[in-house]
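Got a structure for you, questions after.
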C-alpha cells in the first residue's frame, strides 16, 4: 500500500492518516480534490469497487468526515478516503456519476446527517424516514432518548429503587453525612 | 378532524382524492341477539383465522416455520392470506417503525370484521429492544387495539401457537372486542396516531 | 460538472414515464404484498404487464441501529447487532466482535474461531434454505418452500442447542464465543446435514430440472459484466457473472484458510444461474461444516480475557472488517474514540445496493409477474438496508 | 426459450417416494418440544443467594430491569434488600444479566411461552412472584469458564519475607498505575460496600476517579468522609472488602489499596490547594481529649463546621495508636503525618504532652468549652491472669510496640514468646523478628480463630514466626538467669459449644510443657483508663462490658459530652474511630448550632 500512497501523494494533495492493517489504510484529501482522486483510483489504480460511503459526526471539531471506502479486487486492498466538511454548512460535490449506488448513499446521508450533495438524483426524496420534523437523527446533538420520551409514550408502572439510598435509610439512618 | 355531520374531514387527502374514499364513521359490531347463534358464529370465527401476509417486523421470520410442515398451523384453521380484505387476524411482528405503523393502520382498517390483532414480541408491549429508538413506537395498544400479546424475543413458533390458541379461546368466549374498542374510541386512537405520524396523506379511516 | 451532451449519463435516474398519457399505470408492490421479500416496497410504473419504471422504497424497518449503538456500551451492543439482519444474525455478531477485537487487539482462542466458523456456516446454510424456499415459492413452487423451511428448522434446533436461542443467538461475543459445544452435538449436526443433502438432491430434481422454473428464470434479470463494479454487486450475484471473488478465499478470516473449498462461478448471470450458484454453495457449506467438525480442536479456551465490560474503554481506532455472508460482502466500519461508547458504526449490507439501485435498473422491461422472482434472485434482506 | 426435455418433466415426480416417509409434522407442537437444555427463556432468581447489587440493572441495555423492594426482605450489611424485577416488554433474552450476575443467583429457564391479553402483566420479580417455570431445572446458566466479571486481583508487589525481616520499610509497595486501573475497573459500582464501611465512604465514587485518572476529585471524595485516607489506605480493617459483591465468586476489590493509591498520587503540599476547605468561624469551642484517629477526625469535621477546636494529647506526637501501636512497616510515619498535618493545618490547636487529669483538669475543659469529645482509646494492657505474671521479663505487647515506634530498645532479648492472637500480638511478634529475635506465638485456639487480620497472620508466618496454637499458659516462673523466664503451658482440645457458640479450648492436664524464653510478651487485650473523669461525670456515663453507651451521634446522657473510638464502639478499629469522630461532629453541631438534642 506504501507505493500506492506514494503515487497518490505525487499527484494529489493527500495525507496518510493511518494504516490499520496491511490491506486497509485511510487517507485524507480536501473536498475539491476528492472527485479527481477517487476517479483516478477507480480508473488507474483498480480500486473499482465502492464498499460504502458514510459520514462521521465529529461534533467536538465541528466537522463531518465523509469516508469513501474503495476496494481493489486484484490486490485485495481497501482504501478509505476521508473528506472533511464544515459542520455548519455541510456541502459535498455529488459523485453519483462514479458509481451507480452512490446516489443512494448520498440520499441517505442527506437524510440522516443533513449533508447536501447538489445535483445528486432524488436527493430530497424521503429515504428511511417519513414525515421527519426534527434535526437529522444521526447528528450527535439529536438525543434519541429525549425525543422518545416526548413523542412515544411508554407503559407506566416502571420504577427502580436506589440501593445506596435504601441501605442508608434502613441500615444506618442518621449516621454519616 | 370531524365535519359537522360527524363524518371525517380527510384533511390529509388531495382534493382530487377526496372522492375515492368514504368519509363515514365506522359503527361497532352488535352481537347477534340470540346467544346460541352468536356462539356458533364465534366458534366459526375461531376456527378460520386467516392471517394477513404483512411481515411488519422481525417476528415475521417465525411465521414461516409456523405455516410450514413442521408446525403446520393450517390444521388449526390458520392460514395466510395475501390481502387485508380476506384476512381476520393481523399479526404484528414485533417493532413497528413510524413508516410501517402508517401501513399497519391502513391495512388494519381495510380488514373486514370480525378482526383480531395478535402482537408478537416484546417490542409491541413496551418498546423492547428499541425502547430508545427515534423511529419505532413503544406500545402498540396506543395505536391499534390488541387482543393477545405474546412476549419473547423472538417468540418461538410454539409460543405463537399458544397465542393463537388463546385467541381462539377468547373468540369462542366472545371476549375479543378489540375491533369494537377501536371503533368506540376512534378519536383517541386517531389522536395518538396523528401524534406520531407526521405525514398523514391518507384518509382518516380507510374503508 | 454538467455534461455537455443532452444524453443522460448512465447513472442518472431514468426519466419517469408520463402518467397523464394514459399508457401507464402506477402500482405499489409492497410493503403489504406476499411477493415482496420482507418489508419494503417497489413503486412500479407499468405499461400493459411490462414494467416501465421502478422506484424502491425502504425504511419500513428503520430502527436507527447506528444511533442506538452510539449510546450503548461495547458489551451492550453485542446483543443488539444480531437484530440488524433477521434471517442471518450470526454474521453481524461475528463482524461486530471482529471489529472490536481488531481495534482492542484481542486475541481470539483457536477453539472459538472454529466454533465461529461452524456457527457462520450453519447460518449460511439456514439462510440459503430460507432463500431457496422463498425463491421457489415466488416461481410458483410452494411445496419446496414447505420442505426447505422445515429443514431450516432442524438447523435452528441445532442453534438452539449450541447457542440457547433459535433466531437471535447472541453467541459470538467480542473475545470469543459464549459456550462450548454440548455433548454429542457433532453427531446431531451430521444427521441434520444428511437430511439437508437429501433435500438438496431432491430440490435439484424438482426445481433446477423443472421446465417451468427454467422457462421463467433463465434470461431473467441479466446482470452485465460492467454492472458488477459499477453498482458494487457482490456475492453470488457477481459470482454468477463469472467473477471468482469470495472473501473467504481472497482475504481469509477466522480459519477459512484451513478449509478446502472452491469458489463457485458461473457465467450466465441470470436468475437461474444465481440460484444455481447458491445451490452449489449450499453443498459447499455442508462440506465445510463436515470439515469443521473434523478438524476442530477438542478442547481449549473458547473465550479471551476481557476487561471488566462495565467499564470497557476500547482504544481509539478506525477499521473496516468484512465477511462473506450469503449475499456477499457484509462489512462493519467502526470508529472509536477511546471512550466507553462508539464514535460511529456503519453497517454495510450487500442488499443496500442490490435492492435499491440494482433492482431499479433490472426491473425495467420485465414482466410484472417476474418482479417477485427477480427480487428473490437478488437475495435481498430489507432490514440490513435500513438498519 | 429453453427446449423442453423429457427429463425436465419427469424428474420432479421423483419426490413422490417421500409419501412413504414419516411426516415431519409435530403432532402436539406445544408439548412436544421443550426448549433446549441451555435455552434462554424466562428468568429464575434464587433470592436467598441474590444480594441485590443491581449489576444486572446496570448492564441491561433495554432498561428491562428495576430493582424493587421485596416483602419480608430488609436491607442488611452486604445485601441491599432489593431484588430485580423484569419487564417482559423489554427483555430480549440476551442473558447479559445472567453472565454478569455477581452471585450466580440469576439464571434462565427453558420456558418460553407467555401469552396474555393484558400487556401490564408482563412484569415480575423472579423468585418472589410465583411462575410456572420457577422449578424448571433446565435453562441457560453461565458457563463456569466464561465470566464477564474480573475475578482476580492484579498481584501486589510486596517485600519478600526475607527483605521484610531486615528492615522496617513498608512491606506493601502499593499499586502501579496499570495495576490500579485494572483493579479499579473491576468495580461494578453496586454501592453495597458503602453501608458496610463504618464511615460510609463513597467507595465506588473514588474508585471511579481512578479509572478516570482524576485523582484530585478522588481526594476530594475521600476527604468528604475520612481525613485519614492515607492511613486507612494502609491499615484499614477493610470490612468493605468482605462485603464486596465480587467476593461471592472471586477476590474482592482491593478497596484499601485503591484508596492508598489515590493519596499516594498527590503530594502533601497540594492538599490545601485541591481540597480548598473554607472555614467560617462560628465562635464556639470544643475540647477533644486524645489525638488518635477518633479525636483528630472529630477535630477535622468540627473545624470544617467552624468550631474552635483544642486537642489534648498526653504523648509527644499525635496519632495515638496509629503511631504507637502500628509498626512502621505497615504504616510509615510520613503517611500518617501527611494526614495529621493536613488536619492540623486547618487551624486545630493541639496541646502535646498534656495529660488530662494531670496537667489539666477535665472539669476545666468541661466548663470552658461548649462540648467535650473524648476518644482516649484502650491503652491499659490486660493481664494474663496467671500466677507469676508480674515477672519483670513479662512485657506488654503495647509497650514493646510503643518503644519500637519511639526508637527505644524494648529489650526483648533473642528468644521471645508472644501470647495472644490479635493484631497487637502479630505486630509485636513481627517487630521482635525485625530486631533479631526468634519468636513463638502461643494462642489458645486455632489459627482460624485468631482475631488478627488474615494478611497479618500470613505475613507473620512468612516471616517465620513459630505458631503454637491450642496452647494455654498455666504458670510463669523464675528462670536461673535473671534475663530469662520460664513458662508452663498445656495443650488444649477444642470442644464444641453446646449453646451454639464458637468451640472453646479445654486444657488437657496431662499434656503440659515447660519452655524458657528471654521474655514473654503478653498481648491478649487492652482496657480503657478513665481515671481522668471527675466522679460526677463518670456517674452520668453508662457503660456496658467496658464500653460506653452512646447515641447514634456519639452523645452520652450528659448532652455536653461525646465519646468515640475504641472505648465506645464494638469493632475497635481505626475506621470506626474515624466514623465516630465524624458522627460526633454532626452530633455536636446539631446540639450547638441547632440547639436540639440528638438521637
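Per-chain residue numbering starts at 1, and chain names A, B, C and D are given in the order in which the chains are listed.
FYI, a residue touches a chain if its C-beta (ideal position, glycine included) is under 8 Å from a C-beta of that chain, and two chains touch if they have at least 3 such contacts.
Remember, it's a predicted structure, so these values are computed and weren't measured experimentally.
Chemist: Need the most distant chain from chain D, centre defined as the mean of C-alpha atoms.
Modeler: So the chain farthest away from chain D turns out to be B.
Chemist: Sort out for me whether A-C or A-B is joined by the greater number of C-beta contact pairs.
Modeler: A-C
Chemist: Hey, how far is the Cα centre of chain A from the one of chain B, in Å?
Modeler: So the centre of chain A lies 37 Å away from the centre of chain B.
Chemist: Cα centroid separation between chain A and chain C, in whole Å?
Modeler: Comparing mean C-alpha positions, chain C is 23 Å from chain A.
Chemist: What whole-number Å value describes the gap between the mean CA coordinates of chain C and chain D?
Modeler: Roughly 55 Å separates the two chain centres.
Chemist: Can you give the whole-Å distance between the Cα centres of chain B and chain D?
Modeler: Result: the chain centres lie 59 Å from each other.
Chemist: Two-or-more-chain contact residues of chain D, please, as numbers and ranges.
Modeler: In chain D, 24, 35, 63, 87, 89, 92-93, 119 touch at least two other chains.
Chemist: List, in ascending order, every residue of chain C touching at least 2 other chains.
Modeler: 59, 62, 64, 67-68, 71, 80, 150, 165, 168
Chemist: Could you list which residues of chain A touch at least two other chains?
Modeler: Residue numbers touching two or more other chains: 128-130, 137, 142, 144-145, 155.
Chemist: Once bound in the complex, which stretches of chain B touch chain C?
Modeler: Residues of chain B touching chain C: 52-58, 60-62, 64-65, 68-70, 80, 82, 84, 95, 97, 99-100, 103, 107, 129-130, 132-136, 153-154, 156.
Chemist: Write out the stretch or stretches of chain B touching chain A in their complex.
Modeler: The contact residues of chain B facing chain A are 98-99, 102, 125-127, 131-139, 142, 195-200.
Chemist: Where on chain A does chain B make contact in their complex?
Modeler: My answer: residues 128-134, 137, 142, 144-145, 147-148, 151-155.
Chemist: With touch defined as at the start, can you tell me which chain C residues reach chain A in the complex?
Modeler: 9-13, 58-59, 62, 64, 66-68, 70-71, 102, 227, 229-232, 234, 243, 245, 250-251, 317-320, 322, 329, 331, 333, 335, 343-344, 346, 348, 352-353, 356-358, 361, 386
Chemist: Could you pull out which chain D residues touch chain B in their complex?
Modeler: Per the touch definition, chain D meets chain B at residues 23-26, 29-30, 33, 35, 62-63, 87-93, 112-119, 122.
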